[in-house]
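In what comes next, chain A is part of two complexes: it sits with chain B in the first one and with chain C in the second one.
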Partner chain A sequence: MKWTIVVGVKQVPDADEVGIDPDTGRLDRANAPAVMNPPDRDALEAALSIKDEVDARVVAMTMGPPMATPVLEEAVAMGCDDAVLITDRAFAGSDTWPTSLTLARAAEYLGADIVMAGEETTDSSTGQVPPGIAAHNGWAQLTYVEDVEARPEANQLIATRDVEGGYERVAADLPVVVAVAYGEFEPRPAPLHRKLYAENDFEPMQLTAEDLGIKDEVGLDVSPTSVGGMETVQPVERKSEVIDSADDLADQIQEVML
Partner chain B sequence: MNDKSTQAAGATLLDERAGDAALEAPNYDNDFDAIIVGAGLAGSAAALTMAQRGLEPLLIERGKYPGAKNVFGGVLYTPTIRELTDLDSAPFERYIGEKRFSMLSHDDETAVSLKPGDWHREPHNDSYTVFRGDFDEWFAEQAVEAGATLVTETTVTDLVREGGGIVGVQTDRPDGEIRAPYVVLAEGGNSLVSEGADLKAREDRTNIAVAAKEVLEFPENDEAIEDRFRLVGDAGVSYHYFGEGAVGEAYGGGFIYTNDDTVSVGVAYSLDDAATKRQSPEETLNLFKSHPAVAPLLKDARTVEYSAKTIPEGGAETMPDLVHDGAVIVGDAAGLVLNNGVHLEGTNMAVESGYYAGDTIAKAAENGKTGASALQSYPERLENSYVVQNLERYAWLTERVEEDRDLLFEQLPRAIADASTEYFRMDRSPKATHAKAAKQRIFETLGGWKGATKLALRYRKLVR
Partner chain C sequence: MDYELSAEHQMMQSTVKEIAADYDKDYWQEIHEGQLVPEEIFQDLAEGGWFGIPIPEEYGGHGMGLLDTIIVMEALAEAHAWETTFRFTMSTVFGGTSIMQNGTEAQKEQYLPGIAAGEDVWALGLTEPSAGLNATNMTTRAEKDGDEWVINGQKQWTSGMEFADKLLLVARTEPKDEVEKRTEGITMFILDPDMDGISYNEIPLDIYFTEPTYDLFLDDVRVPEERVLGDVGQGLHQIFGMLNAERLTAAVSAWGGGKEALDTAVQYAKDREVWSEPIGAHQAIQHPLADAHAEMESARHDIRRAAWLADQGRDGSGEAANIANLQAGKASWNACEAAMTTLGGMSASQEMGVAAAWGVVRHLRTGPVSEEMILNHIGQHSLGLPRSYQT
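Then we have the complex of A and B:
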């Protein structure tokens, strides 16, 4: 049987281009161009590396506005077989709970055997979405995964997980949700003709809240997160002193330590 | 397998879509009418021209976006761009309302400033400061809107040949070969593809200038640019500097251009000097910035960006063959830069050559012709245009200035500064004495009437 691997990708402001407004000290995200959440490229690579070994199809999905389509194109350019834009006005204001519910339902709808995701996003960085998908669907979850090994004959995925002081190898029955550790999978470059196809001729499949049967279960109203307040933390003024000789330095250190 | 029967309606949809051959193994060989290497000014001008004639060209750019990798301290000249597209939404910084030429000795400055009233009126003598990062992206967008396809983060590494003709390019991506009936090489001065494919000789170091440039801002003074350069509204300046105070012993010059709220400061000089006189671009730039006539303009400025690049300065004689079987070379890659001290122009010629190349290819495609002969009208039209005429007109200048450089860049600036000191001296002797001393100082340097006449003759073509 052919496995279906669905990869969650999200559009975020380019962290390299996010500036700090010198007057307010706030992050200026509005002017930063949108890019694929970098850890999601690792997730794509992990998925494609499984496809290199076993009979599988890899499908990228994003929940977001139509403006997020370029991340799907990028995924298709890299080698995904197809991509799905989950978009609906009803999703506006969703926090991690409805977001993971939506992605969970979409994974089910697409017949996913494996859901691949990044460790966390660079804009909200909760890391809650992949475990949320697993919880909503009652599927197994593997987090902080550094390496994957497919066992199609046993219908299992074996993962190497980063744990305190070392690693562990865990086998999970499918379906499973995998969140990969950032930096562990070197994303492959997009082949030229695929890149041209993805950027110029590819149209993603589109799904709405209704298609997924969750029209009344998403959006701001059902999002349990409430923001209590925001505060800008002023950096603490640190005392600094230039010391000219090593001996004086040693004295100073001794003084502080005593 | 998990139970997909009820939920997985989407899987069926995926199955249906999977029948699409393009989704499996897309192939764009000979889908595009032409491939353009480099989305700089020349490349985008060629793409825009072809797209306007109904062709579908592919622009390949190595940068993250067009302009991302372009170092340019500068003034963009727009006579041809204006013909090709609407400039209303173009990201200009300021128009040039003043040009100033200045001779620097060790610590003197002698300058001439030009401020024709006409430059303050549209179209501002078609001279604007721009950031290439912004402008090139905008210009490529115009080509894309007209029907060109742009692919970025892709570097062309070689040309593909078949039966002696050029039939496509090889890129650094997997599955990276792509074919099209025509290839336009618009890769700029560092033309590794054209050289690697033996379409042009490797630049010899006397024919290349190095340039170092900084963009500076004035964090504590919002009015610094308007005040120091005496600007109103969108007006800006280009200041050009020569002499030992600008680039030391090297052959070249320095410049300051005003942007919206930054200035571009740079030096450009012969690569030969950079190599043999052991003068690094960074050191040269720092010396220039600290000259007593320059430093006050830049006081309390902070560097936003530093960059260094090479500029071809060969002119008409070093121009390679512009047409090959299946390919043409345009812009800086073809050596179309005028860099002789008085003028540093390349943007206008890049666009002009891209336009002729694009138009020639559109006509050839219309007639279903490929091969070198079908493209021959490109160099012919370029030769009849101002581009080659200007390059030829000034070819002699670079050589001559090189021969006279001690006199022109060191002795003369010093003599002029000394002479003005004499001429305007405030003391108790009569003006006639001062004037005589001043004249004497200049004449000594030039070698009397005879020397002066000879020098004037040597450069008479400049004003002919």
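Then we have the complex of A and C:
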């Protein structure tokens, strides 16, 4: 049976280019170029590595405005068979709860056997969306995944998970949601013919809240999170002193101890 | 007139630069130290389809042109991977251009997909001990025997022979004294390097070349008729189209060496402080670097223009290729000189990679065509001056 692997990718400000607004002291995300969330790129590689081994179709999905299309083109250039833009004004202001609901419904709509995504995004770092997708659909979830092994005959995915002090290998029946550990899958470069196809010919399929039957379940009003406030934390200034010799150091320590 | 790179060119450049970014200066230093072939980056470029840029789509390529190939090589050169450019000359040009221009449909179907996929590396057997720039003096002989050709002779400076999958060999099918014009009676053949009667020895070099080079011996090598490329007797005329392309890809290789040296020196001039300011603040250092940059930028445009003319099939593409090769060689040499002045004793260190570039760049002013021959050509054909040399 051919597996459908749906990979969640998000457009984020390039973390290397995010500066600090000198007036407010806050992060200036607006002027940073938009790129694919780097952990999602690893998730794409993980998905494509499964496709290298078994009969599978890989579809990228992103939730965002049409200007997020370049991340889908990038995914298609890397080797995804198709990509879907989930876009609707109704999604505006959604926090991780309606976002994961939307992606969960999209995964169902696309007939996903496996949903993969990076463990977190570099612009919000909640790590809540992949488990949220699993929760909304009642599917198994594998988090902090460093390695994957497909068992199509058993309809299972085996994962190596990063856990405190080591790792564990877990088998999950499909469908399953996989949150990929950042830095464990080296993304493949896009071949030229895929790049040309993605940029010149490819058009993503579009899905709206209505298509997914969740028009009243998304957006700011149904988002349980509210941001209470934001402030810039100034680093604490610590006293520092250079001590030239071990003897002086010993004296200093003795002084502090006494 | 639009001097901007297209969005597609920009995408191609940024993509190959991403590939090259995985191979830092330490990688190249190891390659130089061990006299190794940089197989890892070749593999990445092959998998990305980058060796197949000008090969038609029906044979697995991208159906683009020489300019597109040049643009990609230029980006590799700017990303410290200038030494990968030689592989484009060997496979994409020696193999690809020759077959695209002269091959039968069956030959295109047989050979082009392997080149486009970056799986097949080609070598060229043209130069001989007594036939260098003057190819008409070649004595390697192919004689017809039934439906086969039997080849005997010797070639020199056949680069990449040891790991080549195919060899484009040029041989006389009629002796020089029996043809009306000495450029006639020469034919191209496609050989497999492991055919009976082929042997080769590596020529030890004092400089590092990505593609080692060989003396090649042909002793009763029997080649089936269908391995003739182009028309029997017309090989020298037919190979010229490919040699013009080679002139340009070789110009990019030289340019890449110069660029590497220049960029390394500019960084050094910013970092190295003497008398509490960077040495780049002094005009004795700054002006040669600025001059080299100006020449390199001019050469970059000469190469692009010549490639564009070749793609358009315009008159003057031969002259433009010669000029581009000449200017790129000189600009790159001056860039290496400026870099060595800047670096002082450090220019000899392997860590900098400048001496490696310097040696190769100097040789690229002599091969594949010498500057003197280019000047002869410009003098005679562009300026209408009397022919100044004998063959």
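The rule we apply is simple: the second predicted complex is superposed on the first by the 250 of 258 C-alpha atoms of A that agree within 3 Å, B and C clash if a C-alpha of one lies under 4 Å from a C-alpha of the other, contacts with A are read in each partner's own complex, and residues count from 1 in each chain.
The working rule: contacts are C-beta pairs under 8 Å (C-beta built on N, C-alpha and C of every residue); 3 or more make two chains touch, one makes a residue touch a chain.
Please read all numbers here as calculations on a predicted model, not as lab measurements.
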| item | value |
| --- | --- |
| Chain A as common anchor, with chain B and chain C clashing or fitting | clash |
| Touched partner set for A:151, first chain B, second chain C, both or neither | neither |
| Chain B versus chain C as contact partner of A:192, first or second or both or neither | both |
| Contacts of A:174 with chain B and chain C, given as first, second, both or neither | first |
| Touched chain A residues, chain B compared with chain C | B |
| Clash-bearing segment of chain C relative to chain B, given 146-154, 308-316 or 380-388 | 308-316 |
| Set intersection of chain A contacts, chain C complex versus chain B complex | 189-193, 195-196, 199-200 |
| Touching residues (chain side chain B, partner chain A) in the complex | 1-2, 4, 7-11, 13-14, 17-18, 22-23, 25-28, 58, 149, 151, 154, 171, 173-178 |
| Contacting residues of chain A [partner chain B, same complex] | 1, 4, 57, 59, 81-82, 84, 106, 108-111, 113, 155, 174-175, 188-197, 199-202, 205, 207 |
| Contact footprint of chain A on chain C as seen in their complex | 7-8, 11-12, 15, 18-19, 44, 47-50, 52-53, 62 |
| Residue ranges of chain A touching chain C (in the complex, touch as defined) | 189-193, 195-196, 199-200 |
